[in-house]
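Here chain A shows up in two complexes: once beside chain B, once beside chain C.
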Partner chain A sequence: MTTVSAVSSTAVAPARVRSASLGTSRKRPDGGPKVKGEFAFSSDLWAEGALWGKVLRSPHPAARITGIDTSRARNLPGVKAVLVADDVPGNPFFGLEMKDQPVFASDVARYMGEAVAAVAADHPEVARKAAELIEVTYEPIDPLVDPERALDPVTPPMHPMGNTVRHISVRHGDAVASGDVVVEGTYEVGMQDQAFMGPESGLAIPDEDGGVDLFISTQWLHVDRDQVADCLALPPDKVRLHLAGVGGAFGAREDVSLQVHICLLALRTGRPVKMVFSREESFLGHVHRHPARMSYRHEADRDGRIVKIEAKILLDGGAYASSSTAVLANAACFAGGPYLVPNAVIDADVVRTNNPPCGAMRGFGAVQVCHAYEAQMDKLAAALGMDPVELRLRNALQPGDELLTGQALTGAAPVAEVIRRCAEAPLPPGGPADEPGSMTLPGGAGRTADPTRVRRGIGFAVGFKNLMYSEGFDDYSTARCRIEHGIVTVFSAAAEVGQGLVTLVEQIAEDVFGTDKIIVAPADTGVGSAGSTSASRQTWMSGGAVDAACRKARDSLLDLAARRHGTVAAVLEVREGRVVSFDGEIDETIEEATGGAAIEETVEFRHAPTFPLDERGQGDAHVSFAFAAHRAVVDVDLDLGLVKVVEVTTAQDVGRVLNPVQVVGQIEGGIAQGVGLAVMEEILVDQGLVRNASFTDYLIPTALDMPLVQIAALVEEPEPGAPFGAKGVGEPPTISSTAAVAAAVRAASGLALTRVPIRPEHIALAAPRQGEAGS
Partner chain B sequence: MTTAGRADQPDQPDQPDQPDQPDQADQPDQCSYTLSVNGQEHELRGAWMGESLLYVLRNRLGLPGAKNACEQGECGSCSVLVDGELVCSCLVLAATAGGREIVTVEGLGAGERFTDVQVAFTETGAVQCGFCTPGLIVTVHDLLERNPRPSELEIREAISGNLCRCTGYGRILEAVETVRDARLAAASRAAPVAAGATRQEGAG
Partner chain C sequence: MSYDCAVSVRVPDSLEELVTGLAADPGCELLAGGTDLMVEINFGRRRPASIMSLSRVTELKGWSEDAATGELVLGGALTYTEMLQPDLAGRLPALAQAARTVGSPQIRNAGTLGGNLATASPAGDTLPVLVALDAVVVVESADGRREVPVGDFVTGAKRTALRPHDVVHSVRVPTRRTRQEFLKVGTRNAMVIAVCSAAVVVDLDSCSVRVALGSVGPVPLRAHEAEELAGEVLDWDAGGVLAGDAHRDGALERFAGLVSAASRPIDDHRSTAAYRRHAVGVCARRALERVAA
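After this line comes the complex of A and B, so read on.
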């Protein structure tokens, strides 16, 4: 009784309210093992006889490789394999959107940290030494590090596929429309790192059938599987991926990092191979958030209504494409912000350079442009002499409005409401601490601040982005529900990365069967693809797939029971884990109801189709959007340039809350990353060389840096077409929180501050503004 | 097949066929020592002297609870107690920890039992990916031992050496405050005369 069926989300009734479990703060099923230190992360795995793998990386951002001598490494006792490009049996290239990245650099290295060789040895220290003994002859070349230069057609290509990865022009409405008030600005965003805590790691175990089992922390098992199989020249079913405990992801685990290398080593040695990145390797070995340069021109009428936006957006994609084309599409599509923009002229490019490769990070292209368009909105408000919140309300998108891509906004869009609810929330009482040496002043434990030189500022920002994959991508999730021996088991390959999908899956299945005796099987490639744990999509996609599979299995169960009892399924229901008839005549356990048979239903769940952008950047490219507003309160030490983020208040469009505690966790965690980008986090790259690949030098917010988060409202307007009416909640918190903090620092300092992260020197070394000197 | 850590073979050196001789040409020092972890003695023989306590716990003793987010002393994920002192086990050479009492997250809450801190973490939503969690659990136990009534600011300071990338710390603070308040309430019930202090708000 196994069937596979397809379900589209348009067939799902919105916001069915029928939950015992959904809507409650059910505890995570993995919480117990995690607090006891028993949860097996990918770096905790071990197999008998396992070797340790290590990758040798290029120290140069650009160099020709004229020779690789592995003999000394091979001769080191304890070394079992040393592999270079020639040892890759299949496709020598991999990549998410374009296969443009070599498994091992062989003739040229294009970024600092690019893999050149890999070693397996019986001790991690031996592996490290062996990697050092590999003699690579590099001829360094001048790195291409300026994205503007990469865009210039006279610049020689640094990659056979060229420097420009993608260009998007958006031409919407009347290109020569003009307004009464014009503001212009140029903005920059630095390179942020996802900085998840659990380093890249995995365990590959070769199988006698010539295949390999890979236990790995990733965001999408199947897309890894397909890339690994292609590079190994194995059929996909010989490469079996199993999700190992994932220590955070935030986009950085969308790309292949060590997957191919570790499988190659395992197949070559015939032994299990374990690899764990050091933190330095982690910084060098995964993609980052794209740095951006953006010039904007907003024109508005005297009432503050936006007439036209012109923008040029340039993203530095680094050496390889990763997901750059999709990041760029987001940057272009959301370049205007959650406002009605009748006319738009936008040119967006993403280029290859010899900087570290960039790809997915929470917010995915929407973060960069939000920094720019929200700064512009504040400028516009100042030029009009209008309250910034009022200006945003006046332009807020409403259902039915047209986006600048020509797409009509059909779903829930409570933009004005999130703005209003966030703006109305009470402000923290008082101002900066006035006693010298207070830990709550900027500088904190350093106690450096002179309270008379500390200023408070308030900033406001609104942002939005798409949920799910866009531009016609065949985006689906598979789930299977099996009922056997009275036990309901749910199978999904969706990656739990910390966000709490495992909790939701239980909640969903529990609501279908009315019992908490549900087993959620470990995620692996034994079931069809669930798509990526990104784009805020798993609640909708895998939540929808699990719901559909469970309901289908429940219906089959009722059919089976009805046949056994010579009645019709319509008189039966599943209640509290039992099959019962409305008249009470039938009341039996699920096991009795199946009569020894097994039921298995597999469902592929798809969202409504999307379409590519045309050559004018127009098209129904996205399925759904989520909105959030943020208000930040900061204290700024004008002398030392230090910033204390005091509070961030938010209101977010969530569709429907399925697990309140988990929603709060996503919001607080997302805001932490937004605050980090605003005032501290940046990978410093100097002529292609990464200067701060450690937590000593790349700072992320600690408990002392993190402001109080005030959630003014979770706006629950059910999303049509979304299972349960729920929108993904993971990304909106990171989008406008950065812009709100930057706006608050501008308000406190009176400085233009067009670049994030804002560093102390941007404040302390800026020319004093009028009237501020000596105050 | 795969297990977390090496609980099955706690005392074996890493490789039977190449017992810990990383480099013949430049032979690193080896040594033998005894580690006392969670009240249990472990003999280490012929181990490379350069191994950190974190490495030995995770890879030789089958105790993967302490985590390896940086191995540079910056993140606190590897926090353990050595003679009652909170340390980053990645910064301690295992060979220097002989004769000391080491307590890891596995040593808190015997067997199936959860400590109050562990329960609070699961109930408040303080755990997401959980990679920072074991280190935080050890740190919070240490904090509340030393200071039974920490203010919010003192809690923030005490856990500021433990990086968490998922939670933004909000639910973690709530978990710690919950345990603090519950312990104080229990103590004041036990000794009503000393009651007076209940909840301290953030100082400074």
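After this line comes the complex of A and C, so read on.
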């Protein structure tokens, strides 16, 4: 018996009673193997007779390609295939939102690292050598690298679809409203990388049916599958994707990287093909967080109530669209912060340039604007002579308030509570270490600090963003539950990328059946789409789908058992893995209850619908929101500009905690990335050329850079409509942690510091010199 | 495999075997910890046809004290982790301080002094320390042994006085009564390439101060004028300490300025020349304050 049924989240009872499993810190099934180095990542895959794939990339950010000669590469012994644009049988273009990116550049290369050709050979060294032997004739063009120039209508388009990918105007309330106090500022955010540890890698195995099986680390199997099938000119069912071990994602695995290339090579050679990016290729071969330039004007009344916000937001999307349109929507919709903004005039653009393509990264457009609006809130507090926390409390959104998109806030919105709980948490005792050169001072192991020149600063920030997909996107997740031979198997294509969804799926299924004899099947395209592991959506969407599928299968099981016993299902229940009747007359195993039959239920789960933004940027575009507050304590060496982030305290709106350890894991990891963006993480691009495509020079926080994380509160106010009342928790930790650290560095240094990451020279070459008066 | 990318790897058991092997095959790369060489190979920047490992050449390992001269003899294959052990760290604290800033524990377990010298990166962290300690590199080859002061050994950015068949046998460090300090600036609190560094040695035997700077020029630089100033302002009768008088701050400020002036930094993706010039002065000043307080 197989049925597919649709379930909407509004039909799900919120906030069910906690049970034995949900709400506990159940151990992850992949935890032990990962710690012991036994977990198979996508780079560990192997198949008999496999070839090695290698991609040749453009060294130029902008160049015409006038010739590609592959003959020398083809003639190298061991080379089995060399493919260029002409070898793509289907759509030569792919892309998440617009199919604007060629599988291989053929006439123009638009960014450094763009794929031009691909090779398969019997040894990785041979593949590397063959790629070197491909002779590409480039005529370099002056790259378009300034997003302001890209926006200028007189600038020639660098792509046939034009330079502007999307423009959003938000016109909310009264455009000419004015306040008593005005603060203005211009802010910048550099290009952050997701910096996952496991490089892009996969294994494609051609099948006799003309199709291909692709084992791949990704965030969304089905959207990869559809793009691969389109480029390969194959029906989707001939392209079967299987999730391989994912070594981190953070948004960088939403786009196609090597998927099409590796499948093309496998189909061309008729052999399995494996590809693993080097670290340099990984940095060049995936999208980054959009760099942003933002100018803001806040007007408030004398009591500190925001009257109006005006903002111009410009995101550099790099060469291709990726998910730029949705990132921009977030930047525009959340431009005001989690505050009541009665009047707003916002113009937001995302443009194409010859810089590296930018797309999804944890926080997705909400991070950039948070840096700006929270700096503005501090400025406003200073202008009003008001405590910055008090100012935020005074403006905090409340349920029922209208967002600047005109959408009414209907769900849980404990904004004031996260602010209050975070602000009230104790500060770390004492001050900076007083021993010169202590490793806990700024400069760490370099022992550079002079304690008399170290100042402590405290910064506070609040942020929010949407959960799930927005703007009318048909967002759903599919799950299947099968009961056979007494074993419950759960199928979902949702990508486990390290966040712990597999643990949660087990917990959910266990709660329905009261047994831990649950098998979670490997994720593949054999079941319908689960949507992306992004937008903090999988606990809600795939958690909801799994819960609904399991409960539907349980109901079918009870029906079956009732028919066999000549009774009605209402007198039966599943308890501790057994089917029992209230009077105790019936008490049998699940296997006995099915009587040899198999039960299979498949469910498509949807959240409540959302709607597009209109031409004034108004509309019920989002389904739910999550809020968090961060307080950072930093020590700054005024003369060297070095920073030690001492502590970050947070309070987060989580709806319901389903697995406490996993929530803490998301918070700590998200804060690490937020701290990284505040003080060190940036892809440096000079005239379109990436200067630091390695972990030698793309710096991410080490243990000595990671602050103590104090979780002041996980605010549990169940979200109506959310399965279990739980909100996604993955992104909020990155949104305002950067802004809080930046604010703390400003407080310690007394400098404006409008750009993140803050570099030592921004502090040291602006601060008063040693010997001059220090505060 | 059809494309020839095989590499021959030999593992000599003695110094003798190593240097004769090198003489016969001067294109051969030496492999110590591999923390520089393997990175180069992975990036395709170097593709040696043959490699000789130092792992069994016991003559290059560890450190000793030369009974005749009293010098410390640091083996070419001395690891950073060994530099951090209390017995050696107590004698050469600045070298231990530099070693502690290198990479991660794994890198410090593998990486060696000889590798740092042979790579001769402008950011090589032991180089300014060895310069400030007046150390001498002992170079061994089939045609004999020679000694080269560290300052002459490093001839340019990633260039040394080593000939293809040479081995860094050891480094000799004179034992004098000193106080020493090493400071390194990086854009993160650990495991970072130096943006700039400074080593300061107060030499009580010669009543002089030596200041060597890292990452602010193609080679480690001495700050001679700053050294002279420091030599003048330290009270040698009182044990080489800074007088606590009113001129102290002014003298330190001039010292920092002279150090900055001695630097020859560049702008690159790690930092700016202006910041490096400024920061290296701050570091040297702080180092002097610590060793001459």
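Observations on the structure shown:
Here, the second predicted complex is superposed on the first by the 765 of 775 C-alpha atoms of A that agree within 3 Å, B and C clash if a C-alpha of one lies under 4 Å from a C-alpha of the other, contacts with A are read in each partner's own complex, and residues count from 1 in each chain.
Quick note on the criterion: a residue touches a chain if its C-beta (ideal position, glycine included) is under 8 Å from a C-beta of that chain, and two chains touch if they have at least 3 such contacts.
Owing to the predicted nature of the structure, the values given are computational and were not obtained by experimental measurement.
In the superposed model, A:V35 lies in contact with chain B only, and not with chain C. Of the two partner chains placed around the shared chain by superposition, chain B and chain C are both touched by A:A445.
In the superposed model, A:H290 makes contact with neither chain B nor chain C. By the touch criterion defined above, A:E125 reaches both chain B and chain C.
When the two structures are aligned on the shared chain, A:L640 is found in touch with chain C, with no touch to chain B. In the superposed model, A:W46 lies in contact with chain B only, and not with chain C. Touched residues of chain A were counted for both chain B and chain C, and B has more of them. Of the two partner chains placed by superposition, chain B and chain C are both touched by A:S278. Judged by the touch definition given at the top, the superposed model places A:R631 against neither chain B nor chain C. Contacts of A:K54 after superposition on the shared chain: neither chain B nor chain C is touched. Under the contact criterion defined above, the residues of chain A that touch both chain B in one complex and chain C in the other are 76-78, 122-123, 125-126, 129, 278, 439, 445, 696, 701-704.
Contact residues of chain A toward chain C in the complex are 76-78, 121-123, 125-126, 128-129, 278, 280, 436-437, 439, 442-448, 450, 639-642, 644, 680, 684, 686, 691-692, 696-697, 699, 701-705, 759-761, 764-765, 770-771.
Residues of chain B touching chain A in their complex: 1-6, 14-15, 17-18, 20-24, 28, 48, 50, 55, 58-59, 63-72, 74-75, 77, 104-106, 109, 114, 117-118, 121-125, 127-134, 137, 153, 155-157, 159-173, 204. Residues of chain C that touch chain A in their complex: 1-3, 5, 42-44, 97, 100-101, 182-195, 197, 249, 253, 256, 269-272, 274-275, 278-279, 282-283, 285-286, 289-290. Per the touch definition, chain A reaches chain B in the complex via residues 25, 27-28, 30-32, 34-41, 43-47, 76-78, 122-126, 129, 194-199, 203, 205, 215, 245-250, 276, 278-279, 433, 438-440, 445, 497-500, 661-662, 664-665, 667-673, 694-696, 700-704, 706, 709.
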